[in-house]
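A quick write-up on the structure given underneath.
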Amino acid sequence: MAKRIDVSDLNVYYGSFKAVEGVSMTVEPRSVTAFIGPSGCGKSTFLRTLNRMHEVIPGGRVEGKVMLDDQDLYASSMDPVTVRRTIGMVFQRPNPFPTMSIYDNVAAGLRLNGVKNKKTLDGIVESSLKGANLWNEVKDRLSKPGAGLSGGQQQRLCIARAIAVQPQVLLMDEPCSALDPISTLAIEDLINELKNEFTIVIVTHNMQQAARVSDRTAFFNLKATGEPGRLVEIGDTTRIFNNPTEQATEDYISGRFG
Amino acid sequence: MSTVTGVSAADQVPGPDGQQPLQGDRASTGRFGDRLFGGAATVSGIIVIALVTLIAVFLIVQAVPALMNNSASFFTSRVWAPGGEQPAFGILEFLWTTVTASTIAMLVAVPVGVAVALFITQYAPTWMRRPAASLVDLLAAVPSIVYGLWGLIAFAPVFKPVQGWIESALGWFPLFAPTGISGGTIFFIGIVLAIMVLPIVTALSREVFDQTPTAHKEGALALGATQWEMIRTAVLPFGRPGVISASMLALGRALGETIAVTFLVSALSDGSPWTWSLFNGGETFASKIANNAAEFSNPGKTGAYIAAGLVLFVLTFVVNSIARVVIERRKAFTE
Amino acid sequence: MSTATDRRAPDDRVAPADPSTPPGGRSGRDALSEMNNPHRARMVKDVVARIVMWAAFALAMVPLVWILGTVIAKGFHMLTTATWWTGNQRNINSDDFGGGARHAIEGTLQMVGFTALIAVPIGILTAVYLVEYGRGRLAKAISFTVDILSGVPSIVAALFIYAVWVTTFGLGRSGFAASLALVLLMIPVVVRSTEEMLKLVPNELREAAYALGVPKWVTVVKVVLRTAFSGIVTGVLLGIARVMGETAPLLILAPYTKNFQRDLFNGNFPTLPMMINQDRGDFALATAAERMWGAALTLIILVLLLNLIGRVIAHYGSVKK
């Protein structure tokens, strides 16, 4: 069952540089939460702390708490590998493994976790591709390289790959910014279906997209250049867009900056 | 100047009175300088082509008379007596020794070299990367004659008991059968060659592993892969053509290594029995030629050695071409 | 999808799922216990891999330390004697101690200097052609041949020069002949490294020059080559360091002499590698061995010095991005 995320007072550092400060929020299960805000305000950085991917960059660390239901993701006994298996990620630029076929790409996460039975793999690959709305387009060429698809198809392949391991939460870091409008629409429709099964967090620089797909929206901002980013406001999408509490939110949404 | 090639179309147009193209302005002075300089550059390139062609031609031309005079089968005979009335020379022994020693070198250097490259690019702490890389490159800076010297005086005595141990433990297996030779065995030379070509494997593999797109590494990590699994999924497959190419280049280097091997070989006496053992002695193409440089005054004998050198040339040419093809195919695929 | 502990195994997911059931968290599955239990085998493999990589590096360092340590320890003494740097090997027999190496040092430097004199212009001009002028089949052929040349073993290059110089032209062995073989070995090194440096020069610089009406050859010489200069110098120095240690051409074409010799074109010629080779057969003798180590150490010092100077130049002179 998809889980909720509770973040309390999270600060994100790279070395001694504080990138994001004092974020507290709740992400409800089976919903879509969008992070919006101007470039460089820390929304992607914060997103990455949710599956401990920020640690891949040397010096990345956090202070504060991130809870998945009642599991502390940053407990000393918690292995980042486990966290990442449970919380999946889709990146800005589609990144299917170039040396693998479509089938192998989707199965990659499964194989890493020890699933070897061919019938099992076949089943999960098919259902994942169907879940990503890609099955009909690729079912006859599963053995072809993953890199041979169009941009939109590649991104859906990456989504299939991510959901094949049945994560609790799916993080999406500007998944459509490298795609054309038609593919973008296809992915947005997909997100609408996926939210029935997963908790989804999506970072987007496109406000209209946030308004279209998300149930809740969080607005991040910088106080000034060189300052850490912070969460300004979070709430139901309709309220944020029609009736924001903070002035900065209102300014951003009406296009006065960003 | 309107084009990047430096040839302006305006220079070709006839002048105002319909005669020669415009003279005397900067463009045409440039044109002459351009022709001269461009010509010099082109000639240099052609010189390179000429040199390689000449190498092949001269070697063939000077080898053929000796080969025609050869009373033994060149490729399958183990006899080497190129002098006298009835020259008889065959390269089988050299072929065996050279290829086997180089193969041993590859079998050791490639796994270790790739592991070191992975270490430097994936496992070493950031501050350690450049120094570690420089240290491995230092192995390449050591001249081969020093390797020969060290191998002869310092390494061989240490290796002897190791060989003895292998012989006693595995001597029943034909590859490891004792032959009474210790010191300059094929196996020993293979190990020394491995050390010499290791930096080549590492340097090229390092380059390829470094170029693995971060997106793929992160994609694997985001799926919950451990570091080793990420390397297996993203780094190694990406780097495979580079590793193959590096291995071929290392093999080519090992095949052609001369002075280190010359210092270390135990030449076989005529008529010694054939054995598959890696602990046998024997000379490589390069060491045989080098050790007999004094005999070159006799044209008949020289031809035999040149023929041997020709075989070596072809061997290294083939191996290096494979390396090149592998890289080219990969480049075409990703571009 | 029904067991609590292993969401991978169940065969009830085998049949192709009907389109209305998307994958993903269904009820009843409790991943909590899994959160703390990634397959132990995977963790073990990860740790083992880490150990193996570190061990490989340590293994690679063993011969390096061993070789350098041995050369320094055994050769150092010879280098501290004054005669080493001033004298030659005249009248020194294998069982005599010491002697000088100056003849060999000067000989080596002279020989590689001469080699560079020929190889560097050809190499740089060829690289210029490949990067600035070449298009199409000639450029491809040249690039291909440079690759072949870089793979030619030194002994084969030496044989070739022998076949041309001595056999065909009837001229004698000399330092010059060996130098020619070294030229063959040095050209590809210079070409490749110069090529890299030229490619690093941003195109904007070239276009700025052309836009000012500067002819192409002036652009190449005064803008491109000048910008790439330090990198090219580094490449040349590294190439010199490499051919300095090449012995095969010397064996075939430049027999050793114990005396001072300035004439590259006639007679035997002293070089450091050949000085080492001279005593090869007597390596059991302490005196001969020590001489060999001393020469080896001298050679390594020269090579490392060139490498170092090259890297320093590269570091301080490079085009800052």
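Quick notes on this structure:
Should a chain be cited, it is by its letter among A, B and C, assigned in written order, with residues numbered from 1 in that chain.
As a working rule, contacts are C-beta pairs under 8 Å (C-beta built on N, C-alpha and C of every residue); 3 or more make two chains touch, one makes a residue touch a chain.
Chain by chain, the UniProt names read as follows: A = Phosphate ABC transporter ATP-binding protein PstB; B = Phosphate transport system permease protein.
Every value quoted in this text rests on a predicted model; they were computed, and no experiment measured them.
Each of B-C and A-B has its own count of C-beta contacts, and the greater count is at B-C.
Each chain gets a centre from the mean of its Cα atoms; the one farthest from the centre of chain C is A.
Each chain gets one centre point, the mean of its Cα atoms, and the points for chain A and chain B are 48 Å apart. Rounded to whole angstrom units, the spacing between the C-alpha centres of chain B and chain C is 12. Residue numbers of chain B whose C-beta contacts span two or more other chains: 224, 226, 229.
Within chain A, contacts with two or more other chains are made by residues 81-83, 85-86, 112-113. Counting partners per residue, chain C has 38, 42-43 as the residues that reach two or more other chains.
Those residues of chain B that touch chain C in the complex are listed here as 1, 4-6, 26-27, 29-31, 33-34, 36-38, 40-49, 51-52, 54-55, 58-59, 61-62, 112, 115-116, 118-120, 122-124, 132, 135-136, 138-139, 141-147, 149-150, 152-155, 195, 198, 202, 224, 226-229, 231, 249, 252, 255-259, 262-263, 285-286, 289-290, 293, 296, 299, 302, 305-306, 309, 312-313, 316-317, 319-320, 324. Touching chain A in their complex are the following residues of chain B: 126, 213, 215-226, 229, 233-234, 237-238, 240, 334. Chain A meets chain B in the complex at residues 51, 53, 56, 58, 81-86, 88-89, 91, 93, 95-100, 108-109, 112-113, 158, 161-162, 165. Considering their complex, residues 38, 42-43, 45-46, 49-50, 52-54, 56-57, 59-61, 63-64, 66-68, 70-71, 121-123, 125-126, 128-130, 132-134, 138-139, 141-142, 144-157, 159-160, 162-164, 166-168, 184, 187, 191, 206-207, 210, 213-218, 220-221, 241, 244-248, 251-252, 273, 276-277, 280, 283, 289, 292-293, 296, 299-300, 303-304, 307 of chain C touch chain B.
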